[in-house]
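One chain, chain A, appears in both complexes that follow, with chain B as partner in the first and chain C in the second.
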Partner chain A sequence: MDNITQERLNQLRGAAGAKRHNARTVAALTGNPGCVRRAVLDAAGVDKDKLARRVGFPAKFGQSQFAITRGNSFEAQVKANAFAELITLLRDTLGLQIGEVGQTDLEQVGGNTSQEIRHTRSRQKLTGAMTNGESTFFDHPLLTLDVGGNTVYLEPDLVAFHHEGVFHVVEIKSFAVIDDQADGAKVAAAAIQSAVYVLALRRLLGDDKVSHEVVLVCPKDFSNKPVATKIDVRKQLIVLEHQLTRLARIETLVDALPPGLSLDLDNSADDLFKALSEIEARYAPDCIAKCEMAFFCRNEARGCTAALGISVREELGGVETVAEALGLADGTLVASDDQAEAASMLRATADIYASAAAA
Partner chain B sequence: MTAISSYARARAVVAGRAFSIATRRHVHLSDTPLVFVPLAMAGEASAPLAAMIGTQPDKPTLLLVPQPRNRDLRFGFAASLADIVLDYVHSCSQRVEISANEQVFLDAPQLLVPNAAGVGFVKLLGRSTRYRRTTGPYPVPPQVPLLGRWLTHLSERSEFAGSSALLAMTSALGMHWATGQSALEDANLAALLGWIDPPDGVTGPDAALAAEDPLIWPPAGPSTDPAFDNEILAPAIRAWTDAATDSPKRHRALNTLERALRGQLEPTWQLMWRAIDVLRRLPAADSVDTRWTTDRRDFSRYHQYVTDGGLPQARRDGAVAAARKLRNLEREQDLYDATRALEDPLVMANYRITGAAFQGTVVQVDRDRRVPGGKGRAVTRPLIVVSTTDPAHLAISTKVQAPTRSGQTGTIVQIDRQPDTTLVTLELSGGMTAAKVPPPGTVPEMDEHITYTSAYPESFRKVELPPPDQTPWTHGGPPKPYTPTNDDAQEVWE
Partner chain C sequence: MLVVTSVAEELERRIDELRAAVRKAVTAGERERANALRAELRKTERQWEDALDELAEPPVTTVPRQAGPLLPLREQVHQALTLLGAPAAPKLIIAVHEAFHVGEMVPARLTSLRRDEERSFRSAPHARPYYLCSALSADLLAPARGLLAVSTWAMTTRVIGPLSPRVDFLTSAIRLSEYLSRIPEPGPAARRLLWRFAANIPGAAANTDAMTPAAVAEAADAELQIHQDTDRSHREAAAKRAREQLDDVEQLFGSRLRSISATGS
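This part shows the complex of A and B:
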């Protein structure tokens, strides 16, 4: 990213410090890649949660402490007694050998938890493992990834080193695998998050040193007994790399913004509202689950066919607004040439609906 | 999503209220449905937290688990739930009729939950209780595994299109109305009902917006509002856990918990009954009763199976059972869609848009036409021409039927597309008696308004599979019957 762009992004963000990304927010970048608003806000490191609150459309995310407790206690249990349970599991899934078990805790370095120090140490230990092979498990290593010119620190639950010189990311999640099946949405989220770690690890060690197969460790059925499953994240990696490259090419998006645009959180709510409206968004209903700005965008997209869902938009002939679709349907709006087909379809639908509803 | 429902959604946006996508009710509603609003603890696979259950709007029973992580308390919940559910199942098996040499109960259980996640909860709770042992280590009361089997039965039954044994209220409403919001937002029962039946003086979108505030409308479960978890539930559970057994402190803590959970459940409970009222206002479609009879028959068979000491359902279907089930599910879905269309012009409209059906006016009738039949005798095969403005994308020789004239099949002979109309020529057979001249009324008259569809129940071929015991060796041979193993029962539930 060039300095001018960086300058403009800083100006856009205003006085507040840039919001730090984490694996979850990096993973979230892959959702709705066509949204300029999201790309710009993320590249500038704007605190979207605060911004949404300031303009009167707070996000409704929140995590129950029960879920957090459960997640932590499951991870602690799996790693208890020097990884006893994990070793058995990974021996089966990855074919680790008994002699290979050794563990390096990277959660702190001699009581120091500063990110730079931890990262340096993680880097030393991980690169060292390739030559001396003295360790198998790396607990909470601190990795870095360049996201739109900013360094993001990432912390996978565990990285396992295989005797054939390949590293595997191990992700511990507390959602249950019941009769060999788990919630598809949760698995998908875990896969993309693991892909972020794989990418960070690959940037550090080289592509061929890190496996595209990650290991997901979850509780089995209704018990606390862990079960490990290998997941291929090649597809997620492609999406992720594409999205990160796109962030790096943010210049074109930023250039198109009006000069002097500012989203400084100290500005008045009105100004922020207006400034946000200058940046084009692409709202879809599933943004609600993924993006802090969703309720603002939804309000803005009221009357757009996309706000009703992608499939509804398509059924309505891909027309932009509801008013337009209904105008074409009842013939009050004259169709342009490229709308002719959609218009005739909409007219037929309107006629048939009217005749059926009247019956 | 169909063209009709999408168009209705667009209309709903402008009008600020939901639009009908069905003119009749296609689900059965029992006179005494068992309404079940469950809540689960966040982060756990199947940890019931509380539930409101009952067959009468003014008499809900509140069940709660003061510490959902405690295994014994969970089983206590399961046992109390079992008492209610099994009692209800029993009440449905009191009156019986003999139909096709089979004993069929006149009633069947109908479980109504708020949303699809509620159906998932029923399924998981069934899975986590049906293998429990009543003896040996970790014994549970005898009704618990029985509850598991009934819940599993209901959730398996709910996969069949047209079954009303276990319904998610949001799906039942969504089948009949299109709102001005996305399908994703329709999963919120309060928002959905806000569009369909908003309070006086409130528009649909405003009612839906209010429904998103967890302080006004707590989530319909099984997930609870995270803020409620953190601010109210967690301290209340801690207070209960920390207090000594039977101490006044513990009683107070239990009261607090009960009040808090009742507050979370009550609004959804009311919504459920309001939704039932809204659905009851629609006249039931003719075949609803036929489909409910299938539910009753299925219930009667399973009841007999349980009484005879049958085994609990397998963890996973075997290959042969899965193939049969899939075949049945697909067939039921086709039949259900086609039957609904025959009874409801708004459902038929979907077929008219895709061109699988058309509606028009009879403009020409050759009623006495006779052609040589297969045995050399002449047979009556009237020709009619229907003029329609519908797309009518049908191939020559496709067979069609009119909803008003079941038993008579038309074969498309010619389709003549003119600038502002399409003329479809049909050759009719059946439904005209054996007389040489068709009796009056058996052939459509001139100027008659008529609909013909290529998707009617008899148009779907039944795919035959060999009986399970004759499964060929190429497909692994006859499957071994499922027997529960000790593993099934031994898993811990904590």
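This part shows the complex of A and C:
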């Protein structure tokens, strides 16, 4: 990122300190790639939660304290007694040999938990593993990833090193796998989060050293017994890499913004509202689960066809608003050339609906 | 202790004053006043005797024994660790205690235990027969996260190399199996504890009902043979370094400063 863009982003953020990315926010980048607003706000490190509150659309958002506690206690259970349960699971899923039980604790360095020191040591130990093979399990290594010019620290639950010279990311999640089925949305979120770790690890060790298969460890059925599943994250990796290169091109997005635009949290709510409207958003219903600004954008997108979801947006290409769509359907509006296809479909749908409603 | 001493000293001063006052009263012929002062003197002398008794006996033994645990916490932890024969996390120590002894062990008190022991060692080194101390990580000789050990163990047992956690897990499984086979009827809590080990040792037991301590020990020993030699060489090298480089306190409770400079290399 060049200095001018950095300057613009700092100006946009105002006096407040920059908010750092974590694995969750990096993963969220892939959720709605077309949204300029999210891309710009994230690159500038704006505190979206505070901003949404200032403009009157607080996000009912974030992880519940109960979920965090449950997650931590399940992780502690799986890792208890020298990773006893994990060793059993990974001997099955990854085919670890019986001698591969070495462990390195990277959560602190001799009582020191500063990020720089932990990262340095994680790097030493992980790169060293390929030559000396002392350790198989790396507990909470601290990795870095360059996201739009900012260094982001990432902390996977565990990295396992296999005798064939391949590293695997192991992600421990506390949602249950019931009858071999888990909540699809949660698995997808875990997969993309793990993909972020794989990417960070690949940047450190090289692409061929880190497997695209991550191991997801979850509680089985209604018990606390852990079960491990391999997940292929190749698709997520492609999406992520695309997103990150796009973030690196943030210059173009910032250049398109009007000069002097500021989202300083000390500005009045009205000013912030106006400034936000200058940055184009691309609201989709699943933003609600992923982005702090979602309620603001939803309000703004009211009456637009795009707010009805990605499939509707694709079907109704060229038709911007719901009113327009209704007009095309009942024939009160004449379709322009690029709307012709959508318009004929809308009219057909209206006919079918009318005949069904009449019957 | 300090408070009691100062009380006794205070009383001694008071006794001296009273004696002087009695002598003055007698020589001055003030009989009534002398009697009153003598009574006061006797009372103070009795208080002084009491204060002396308190000094002679350590406060621990004067606490009346109740229905709760008979041993102080550090003794209980020491017992559990001795049974396991290897450094262990507080959670496992509590599980062992609850499997074989009555009374509850409060996790919150275990967390402050190590710090109390370190303070005690610093103020009066080697005054106690044993201390509950840290296990040391083999590379940095810093306290290994969340592991307690006993100071009387050999340094090689107290340092933790890459393979040591698994080796200690298997060692503890063997010790626990042996202990279980010695007691006539192990309770369900004890069997449950052993199952937590057996479930994660290949070939130890198919299920809880079929589990026998002898089979668990045998399976654990089979895996232990694979790791043992490599682990021992790691541990011996680290223990040698620890004995050469660390002072008495650091040998028990780990080095913290050294760890920071070590990461720069």
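Note that the second predicted complex is superposed on the first by the 324 of 359 C-alpha atoms of A that agree within 3 Å, B and C clash if a C-alpha of one lies under 4 Å from a C-alpha of the other, contacts with A are read in each partner's own complex, and residues count from 1 in each chain.
Criterion: a residue touches a chain if its C-beta (ideal position, glycine included) is under 8 Å from a C-beta of that chain, and two chains touch if they have at least 3 such contacts.
Please read these numbers as outputs of a predicted model, since none were measured by experiment.
In the superposed model, A:I352 lies in contact with chain B only, and not with chain C. By the document's definition of touching, of the two partners only chain C reaches A:R91; chain B does not.
Of the two partner chains, chain B is the only one that A:A325 touches; chain C does not reach it.
With both structures placed on the common chain, the touch criterion links A:G17 to neither chain B nor chain C.
Within the superposed three-chain model, A:N224 lies in touch with chain B and out of touch with chain C [touch as defined at top]. In the superposition on chain A, A:G102 contacts chain C only, with no contact to chain B. Within the superposed three-chain model, A:G184 lies out of touch with both chain B and chain C [touch as defined at top]. In the superposed model, A:G309 lies in contact with chain B only, and not with chain C.
Once the two structures are overlaid, the count of chain A residues touched is higher for B than for its counterpart among chain B and chain C. Contact with neither chain B nor chain C is seen for A:P258 once the two complexes are overlaid on the shared chain. In the complex of the two chains, the chain C residues touching chain A come out as 89, 91-92, 137, 140, 142-145, 162-163, 165-166, 168-169, 196-197, 199-200, 202, 223, 226-227, 254-256, 258-260, 262-263.
Across the complex, chain C is touched by residues 76, 80-85, 87-88, 91, 98-99, 101-105, 107-112, 117, 120-121, 134-135 of chain A.
Partner chain A is touched in their complex by these residues of chain B: 1-11, 13-14, 20, 23, 41-46, 124, 127-128, 180-185, 212, 214, 224-227, 229-230, 233-234, 315-316, 345-346, 348-349, 352-353, 359, 389-391, 491-494. On chain A, the positions that touch chain B within their shared complex are 60, 62-71, 174-176, 178-180, 219-225, 285-286, 288, 302-303, 305, 307-309, 311-312, 315-316, 322-323, 325-326, 329, 345-346, 348-353, 355-357, 359.
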